[in-house]
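Take a look at the structures listed below.
Same chain, two partners: subunit A is paired with subunit B first, then with subunit C.
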Partner chain A sequence: MFETILFSIILMAAVCLLLGVLIGFAVKIFAVQVDPRIEEIEELLPGANCGGCGKAGCSDFAKALVAGEAMPSGCPVAGKALLEEVAKVLGVDAETGEKQIALVRCGGDRSSSSRSELYNGVNDCASAMLIAGGPKGCSYGCLGFASCARACPFNAIEMVDGLAIVHEDLCVGCGKCLTACPRDLIILRPQSAKVNVYCNSPAKGAQKRKICSVACIGCRKCFKVAEENIEMKGFLATVNYDNPPQEDIIEEAKCPTGCLSTTTTLLKKFHSHD
Partner chain B sequence: MSENQGKRKYFRGGVHPHDGKALSAKNSINEAPLFDKYQVVLQQNIGAPPKAIVKKGDVVLKGQMIAESTGFVCTPVHAPTSGVVSGIVEIPGAMGQSVKAIEIASDGEDKWGSSLKPMKDWEQRDDSEIKQRIHDAGIVGMGGAAFPTHVKLSPPENKNIDYLILNGAECEPYLTADHRLMIEDPERILKGALIIANSLNINKIAIGIEKNKPDAIKILKKHSADYGISIVPLRMMYPQGAEKQLIYSVTKRKVPAGGLPMDCGCVVQNVATAAAVYDAVVKGQPLIERVTTITGNSVVNPGNWRLKLGTTALDALKLASGVKNNPAKIIMGGPMMGFAQKSLMVTITKNSSGILLLDKEDTSIYESRQCINCKGCVDVCPMNLTPSVLSKAAVKENFDIAERFNVMDCMECGCCAYVCPSRRPMVQHLRLAKGKILAKRRAQQNK
Partner chain C sequence: MNEELAKYMQITIGIVLVNNIVLAQFLGICPFLGVSKKLKTALGMCGAVIFVMTLASLVTSAISKYVLSKTFIYENSQINFKFLQILVFIVVIASLVQLVEISLKKLSPSLYGALGIYLPLITTNCAVMGIAVNNVDLHLSVFQSTIHGFFGGISFSLALILFSSLREKLDLANIPKPFQGTAIALITGGLLAMAFQGFSGLV
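Let's turn to the complex of A and B:
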């Protein structure tokens, strides 16, 4: 009896020893070289997996960084300090550009722009576009079905009375909302450019006035005040984001419809309704 | 008969909604007076957009070409009346987007100036000459899709066409434009059918008419005896007038999934298209007017009018003595497949078969709920699809699943949405899925 137990124990110990030695060698022979920097960078990156860099998440971006296929500035979410840290790990220059954030180029909420209240279909912008081009009177403005707000991984888009507004402090500029909008209404603009034109309709001024009280009517008042900061595209004024205007332009230009404005002003205006 | 043994007598599925045709079926076609201006939409066909060849200030004559075609799947557009071009304007299109249109201010004389010569001896003319004439006259399918007719008549070499079917089913509720045309102008339709058949070198012609139009069946039967054209009365069932369902009802042939009627040897044309072909070939008249039904419980005097292209819906409604009962919905086309409008400035195009005004009682605002898997939509789908699965896939944005379940074969007839007890907007879901899949395919092609 005792012999049997002893024999088993010795046999098991021998087999374990043999396998252990084999595994030990296998690890040495088949070892995978992992750059320790990948893990290091992955920990530094925001970890939101937003896809704003064009890669399949932060870990994929970290691999691309180490392989030299991407630059740290490719991450739209990371702030300047973080980018510099990543660049230090990689041993390259950070090349930090100006941070870009999203802008919904429309200011027409329910009370200031006409829309058909009889729309009874799917609550989604792309679907609403299929029925008579959407319930909104303007065929260029924000439809207000929150497709962009649902696409935003950072909850930076607020829906106020049928209008999407981007919160400047929350937006990281990943660009997810740009593809969610069926009307291509959303663009990326430099964070420092506070003053924007909240209108995207190229229609004639009189036509826009009929359906919206906050549209750009193409009066050129802002253009006359700051020709180098504002561009006129037909009946629509647009901000020249290579040389954006300062906030005092709003006072000087006296925009008759108030579509030359800042996001802060818009949010203040809508929340004062409550 | 032996080849049809064991086949279903009717196409599968379909619904039978309240047809509302009594409102306008007895009213004969009225001629519309001349209006002050016409806004002729530039693109009136599926395919490539034509190019405008007139500019602001040009004087045009009735029937003169004002936009030329830019490709094979494209048709020219002609001036509906004589007058001065007052510019190229943006107007709301029937599908909801804004479209380019040529605005013509009428001079009140309505003077002819078409360059097309009548071909009285069309039987002796070459096929290609007839097809060229059909193209030059700007003829498209007038049933709704606006597919250029000359393209349908030019099948590839390897397709053997032996059957021409004229579509007089008019299964869409409320519309009576084709019905009245069949009663009042049977000769034009029948001769047009002969011209089309002649250009395809076939002699089997049938006209399919739903049984709810016994007067049209009787009149066409009386006239068609001399021409060797058979009249096929069809069961009353929406969508009897859909191309594939009509082919099955008349010939018991099946169009393969994703295929075209020519894959089973058929060509389908609307009766109004046949009449337009007759005008184009024998009289040398391009397609500049069509019969449109103006109807609905909100219209004071519903009826059928011969309207020039470019007439606004507002002008058309004035002909019908205006509106009553608080109209709730304006639809271009019929209630099942038509498009809801938000502006009365939308204009008549080559495929506008009707303007429908529904009042509050005919429309309802409802809440869409979850699918209860009742299979109601599966039973009625005439294309043998499973709309419930497709709709759920579209809501969850699983467009790959929708594609695997053949959403691309959906023709948006609306039967599924009509029967759904949960009031799901099925057609909207399916159209979204179709649009996304098409966009994906285009992106892959461009790569």
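Let's turn to the complex of A and C:
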């Protein structure tokens, strides 16, 4: 009996020692040169391996970061301070690493835009789109079934009277809402670009006016004030995000429909209804 | 048909259909539920499992045959290490997979990229362990064990691919709220296992 116990212990110890030494040598022999930054970043990252960034885990994300395939802001868990540290290790300077946040390019809530028909199907934008293009007068605007708000892991999208509005302070720019929107209405824009055109319809001005009171009617007023900050795409003015306009453009341009605005103004307007 | 061939037919068909490792032996349920959400990840897992099971069967059956099943005589007492089987297998399989992972990283980065994170995930997977123990219990030779291990991997892959394809379909179905997510996945898995009972008695 005693021998059995003794020899079992010796056998197990020998096996483990042998395998340990073998692995130790293998690590030395098959050592692969890796960028030391990968390990450094991996230690900085939360290490929850949640997959929120779309990668297989934190180490995979660290590899993508070093390879330049991802931005630090892709990590939805990390806070601001941590992201800055990661950016420092990567050597990304503050300018190219400017935070992107989502923008819903529509300002038409229920009171300012018309509805076409009654839809009482599944409460989901993609489903609503399948039925005659959705129950909104405008076939480019926000459908208001909150698919993007449900996709947002940070509750950064508020639904106000059938319109999705992104809260600038909560959005981290993960881009999940971009794919959730069946109308491709949501884009990422630099956080500093406060002034945006809240319309996405390329239709003619008169046509848009009939169905929506806050559409861009293509009057070119804003374009005339700041040619280098605004681009005209047919009947739709868009902000040039390489050179975004300052907030005083809203005063100067006197947009007749209030389509050129900021998210703060929009939120204020809608919340004053209550 | 000679007896040799019949034996191999029995091993292969037996493990893939009749005693399917997931659906009849209920081993490896954790990756079966864990990585079956998308067919693409399931395929990666299948590749890794086939690879590891084959290798683990070869090594563990050799160890069992040449070390653990031997009886040693020390002075007056006989010592047999058969009871250490599970412990030794765990340690050996885990370090074997580590070794393979380390060398693959250097020798074949493309294969390493394909098997990727799945390799370390299954170092101590119970399906791998189950095949290794079954090899010993069924008294298979080293070569037969290797075949058994390879087809064990195929058997796992069959179940996983079927299941993940079903789950991809389920994503589009209108499932009542209480059944959404893991609940309906478990029910689907159960039905699949019942369907596989139809193969029993084949070999």
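Heads up, the rule we're going with is that the second predicted complex is superposed on the first by the 181 of 274 C-alpha atoms of A that agree within 3 Å, B and C clash if a C-alpha of one lies under 4 Å from a C-alpha of the other, contacts with A are read in each partner's own complex, and residues count from 1 in each chain.
Note that contacts are C-beta pairs under 8 Å (C-beta built on N, C-alpha and C of every residue); 3 or more make two chains touch, one makes a residue touch a chain.
The model shown is predicted, which means the values in this text are computed figures rather than measured ones.
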May I ask you to decide whether A:139 touches subunit B, subunit C, both, or neither, giving the answer as first, second, both or neither? first
Name the contact category of A:22: first (subunit B only), second (subunit C only), both, or neither. second
Quick one: is A:81 in contact with subunit B, with subunit C, with both, or with neither? Answer first, second, both or neither. neither
In the overlaid three-chain picture, which partner chain does A:116 touch, first (subunit B) or second (subunit C), both, or neither? first
Please indicate which partner A:32 is in contact with in the superposed arrangement: first for subunit B, second for subunit C, both, or neither. second
Who does A:130 touch here: subunit B (first), subunit C (second), both, or neither? first
Can you pull the subunit A residues that subunit B and subunit C both touch? none
In the complex, the residues of subunit A that touch subunit B are 116, 118, 120-122, 124, 126-127, 129-135, 137, 139, 203
Over in the complex, which subunit C residues touch subunit A? Could you list them? 72, 74-75, 77, 79, 81, 83-84, 87-88, 91-92, 95, 98-99, 102-103, 105-107, 116-117
The residues of subunit A that touch subunit C in their complex are 1, 3-4, 7-8, 11-12, 15-16, 19-20, 22-23, 26-27, 30-32, 56-57, 60
Quick one: in the complex, what on subunit B touches subunit A? 90, 92, 95-98, 328-329, 339-342, 365-366, 368, 395, 425, 428-429, 431-432, 435-436
